[in-house]
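One chain, subunit A, links the two complexes that follow: it is found with subunit B in the first and with subunit C in the second.
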Partner chain A sequence: MPPSANANASRRLLQELSKFNQEDNPAVTYLGPVDDEDIFHWRGGLRGTPDSPYEGGVWDLDIVIPDNYPLAPPTVTFMTKMCHPNVHIKTGEICLDLLKSAWTPAYGISSTVTAIQALLTSPEPDSPLNVDVATLLRSGDTVGYDSLIRYYVWRYAKKERNTGA
Partner chain B sequence: MAETSASVEERAGMKTAQELADLEKLSATYEPDVNGPLVGQLQSSKILEAEYAGADPVYVRKTAALSPKYSNYRTIRGDGNCGWRALAFGYFELLLRTGDEKFIQNEMDRLKSLCSWMNEVGMSEYLYEDFVEETIELLKTISQSPAIDNPYDDTPVVEAFNRDDASNAIITHLKLLVSAHLRLHPDAYEAFIETSIEDYRSSQIEPYGVQIDHLGVKALVDVLFIPAGLVVEISYLDRSESDEVNVHKFEDESAPPKVTPAEDEAQKTLRMLYRPGHYDLIYKNGDLAPARIPVSYSATAAATTEGGVRVSMMLGTEYTRNPFCSSVFSSQVFTGGGGFDLCEEGYPGLLRGSTGSGLGSTDAMNKGKIDDAYTKLFKHSHYNTSHYQNVNFQPEMWSPQD
Partner chain C sequence: MSHLQAPRSTSWRAASGVASESETDAGKYSDATLTANEDSSAEEPGLLIPLKSQSPPVVEDEDDKCWICFESRADELIESSNHGVWRKPCKCALTAHEGCLLDWISDLEKTPSSMNKPIQCPQCKSNILLRQERSTIVELGKSIERNVRRTNSVAIVAGLGSAFFVTSTVYGVNAIYLICGTKEANAIILGPGGRDFQWTWRLAVGLPVIPLILVVSRTRLLDATLPILPLIFFCHTEPFHLTLPPSPAITLALLPYVRSIYEAAYNKFLLPWDKKWTTEIGPTAATLATDDNDVGLEIQVVEMDENEEEEEVANGNADAHAPVAHAGADAGAEGQDAWRVERELVLGPETANLVVGALLFPGVVASMGGLLGKIPFIRKILPERFHRNILGGCLFVLIKDIFTLYYKYKRAKQRRSREILNYQKRAPRREANATTGMRR
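Presenting the complex of A and B:
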């Protein structure tokens, strides 16, 4: 990758960062680079969707941004344990087409976190990374599904974090 | 013994598993051949003929029939964006070729105003402005001196399109613009999509590296080319049974039949060559700088460059010439009289950018004459691959009544 692509990506990320600091994103508790040295590695806090079993939880996300961003998507993983059909319970890997084939340069980091929040309440149980919880959903056991999620929220994601970076 | 064979088997099994894993890795990380420049230089379309010389007879026939009609060819890198890149490049090349500063500035204003579409569908300006900026920047470059003084010199556009950042930014801008257009004007396209406009634009239009499909071409032509009065034409080089490439023209269907002279249309037509999965650009003889050959050099040039395409002239500038000119010039210069007259009037700009007179109306008239002359002369010369005296002649291509 030529250095110019890298410079473009940095410029764009700085722009996104200043924009994020001006405008509130209700899905995000905090968002920004891990340290000032590396603009390509961010962390963020994802807020659980209101009126869903995820309400009240906050999950830390690790966001690694490629050199050719925004042509290629950032790699986002859950650092806090997340119980969701499309999230790997151990690695925190997320199965979301936006983060893979359907990535578009019209998305930014902040709107990507919003999209992940939207995934919480619209899971795709047919392409599961967490088979156990996907099976509950597919068999129609919404009571079991909801309470399993609530348990994980209470156990791992309950403390509201304010700001990070 | 048994242990040995078992362990051999085991090893073989492991190897297979390893091989499978390797293969899987290969296929997962497979990328099409991405050698070559993003946008190549003009070449002779004879190259295509050579490329397919040993191929299926259908291809041999079609490529042989192609080169007399389309003199030149330009490769686009096969990185999954070739269709978008070919169209974007061609748009800038056509604009520059008009040599009309005002016209290019109008296009710049139009594209700036179209950003409102992207706002309307909820794209954030701070996320798309970098891409738009590159488009506007290149339009500015080609609308100004020195680029505008040499409208047939494609260097500024080729250079910009070979810079990764500019090239990709421009196609991203166009992708987002088309996406917005699709969402704002679904009626014209919805019927052709199996899923929804929303799915289509997010999976087929917006992502970088996803090949453009027919509907995508149509939408881009509707947004970019038709409002500017430009035409896009695709020649399909495939195995379908016919003797020539099939040509599909994208035009403004709502407009009344055009009365523009063919000459004018040639100057405003972008020609793409489609081979399954890949787009390149091709050019007809009349598309390229017909008025760029200095009279005093024509005879020498003709004598030394039989059938050649790119000629480094003594003037230190590179000219893209089509091979047919040389035969015309040699015959006309040598027969004297009328030939000289034709050259003199038809080619006022002796040196690139020296007079800046460009193509006036008289020139256009004369060019018509020349086109006629060299078509006939060419057809009956051994440069024509369908002529029985041509070195590459194939009997089944010869139809003397033509």
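Presenting the complex of A and C:
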């Protein structure tokens, strides 16, 4: 059973990869396996939502895909430091129901990154992984919230820095 | 290739042209399966069990894509897949291979929470109908599983309940033997002759209630009803006549009143001091008492001791004889706490103290009674173990209260005597260091 599940997952990942290369996803700067040997480990670049404090930032995402992939969700973590109520500042863990209970095989890797981009502008401060930012947001200090995010974007996620590095 | 596909596409278009009709057909179809498998479908709306040959025709399009493996019909023309036939389980745009759908569904069923939920299309949330062989064994097993799950909680509650009941009863019996001594306890539990044991409602209710009442009597919940309880339970068995020492029944009936009197006296004479010292000990206390107050306090304490002793003696004399299911309970009622505020039932370490204290009380009472029994004089006046126990319990409460008060007083006094020491030069310390150094 595992080998066939593995084969199914690889086939579907290849499908997704070729589809991603054909169609552009505005939320994604790059997406694909880290190396040709292992199709179950991807990296991707998440573009900050335009017209938001996250605009202009690019975050590297680490995407680990399970063997029973379309049935189970991929594990996505931020590799670039991300300041967001639902992202752990140190581990980069993301709290998003799509990556856990709400996952269905109808989503793909690319659409998952799109969903993460949508999470940037619609955070859930009631289930925070970053309590400090969530508190700012809940107390209604949008100015503080926005400028803190902008600082982190400038400090860690500027595109120039990433490409330069 | 395209000319091969053409007929399929037209057939699909024809089908979509009469979409409403085919939908109603599908409705009839599922209705038919509903009646064919009434039992299973009624319980699991998502699972229907028609025969494979009856499946409605699947409309085909080259652009159809399996939403699980992401492969399209066009891909299959290039490379055949083993995912089975195409299915379109709901009215929205999602199509899939049967094999992919079945894998997905069995994966969903692995999580126990979703086990009884109907399987839904992730897009339109309409139920996905599924057919499988009908098997009596599987149905039976499923219903057993369901029922076991349902009855488990009931069984657990019932088991815990009966365990609690048995424990309480055993505790009650032990308390009776501790308080009344073997002879009296036998008479109470086994009946007057000790032979015709009958499990009466009084024993069945009274025994397990003992620990409960012991605990509750430490709170103020039953203050109003406790004095009446012993009367209800026991007093109508014997005619009311006063003896010296009084019978256990009368003793027990009197104890709640004695307790109320004691408490009233305590509240009147000692509570103000108790409160004062307590607040003084407390973190916000910043009061300095005068010497006058100190003297006053001591006088009060002495006075109070006398009062209490009189009461206790009265109790001891009033001791009487009889039923026991309440012996423990009322003895517990005796053990009131020093300050009324402490008798509020609050969850926390205090509650644990309260419960443990209440349940240990019969043991304490019995050992006090045993100590008293060592004194020949008391043995002469109170030949029955029961009376010595009751007296011992009263004494214990009294001593405990006095000690608690005295302790508070001492602590308050200690607090008042505090002063800050001036900083001293390090000289002595250096000497100490030097000596240790020399030792090395």
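Everything that follows uses one rule, which is that the second predicted complex is superposed on the first by the 158 of 165 C-alpha atoms of A that agree within 3 Å, B and C clash if a C-alpha of one lies under 4 Å from a C-alpha of the other, contacts with A are read in each partner's own complex, and residues count from 1 in each chain.
Assume a contact is a pair of C-beta atoms (placed from the backbone, for glycine too) under 8 Å apart; a residue touches a chain by one contact, two chains touch by 3 or more.
The model shown is predicted, which means the values in this text are computed figures rather than measured ones.
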Simultaneous placement of subunit C and subunit B on subunit A, clash or fit: clash
First, second, both or neither for A:V143, with subunit B first and subunit C second: neither
More subunit A residues in contact [subunit B versus subunit C]: B
Which of subunit B and subunit C A:E16 touches, first, second, both or neither: both
Clashing subunit B stretch [against subunit C; choices 61-69, 187-195 or 223-231]: 223-231
Touching both subunit B and subunit C, residues of subunit A: 5, 8, 11-12, 15-16, 19, 70-72, 104-106, 108
Of all residues in subunit A, those that touch subunit C in their complex: 5, 8, 11-12, 15-16, 19, 68, 70-72, 104-106, 108
Contact footprint of subunit B on subunit A as seen in their complex: 2, 4-5, 8, 11-12, 15-16, 19, 70-72, 97, 101-108, 111
Residues of subunit B that touch subunit A when the two form their complex: 118, 123-124, 126-128, 130-131, 163-165, 168-169, 172, 175-176, 179, 202-203, 206-210
Touching residues on subunit C, where the partner in the complex is subunit A: 67-71, 75, 94, 100, 103-104, 107, 122-123
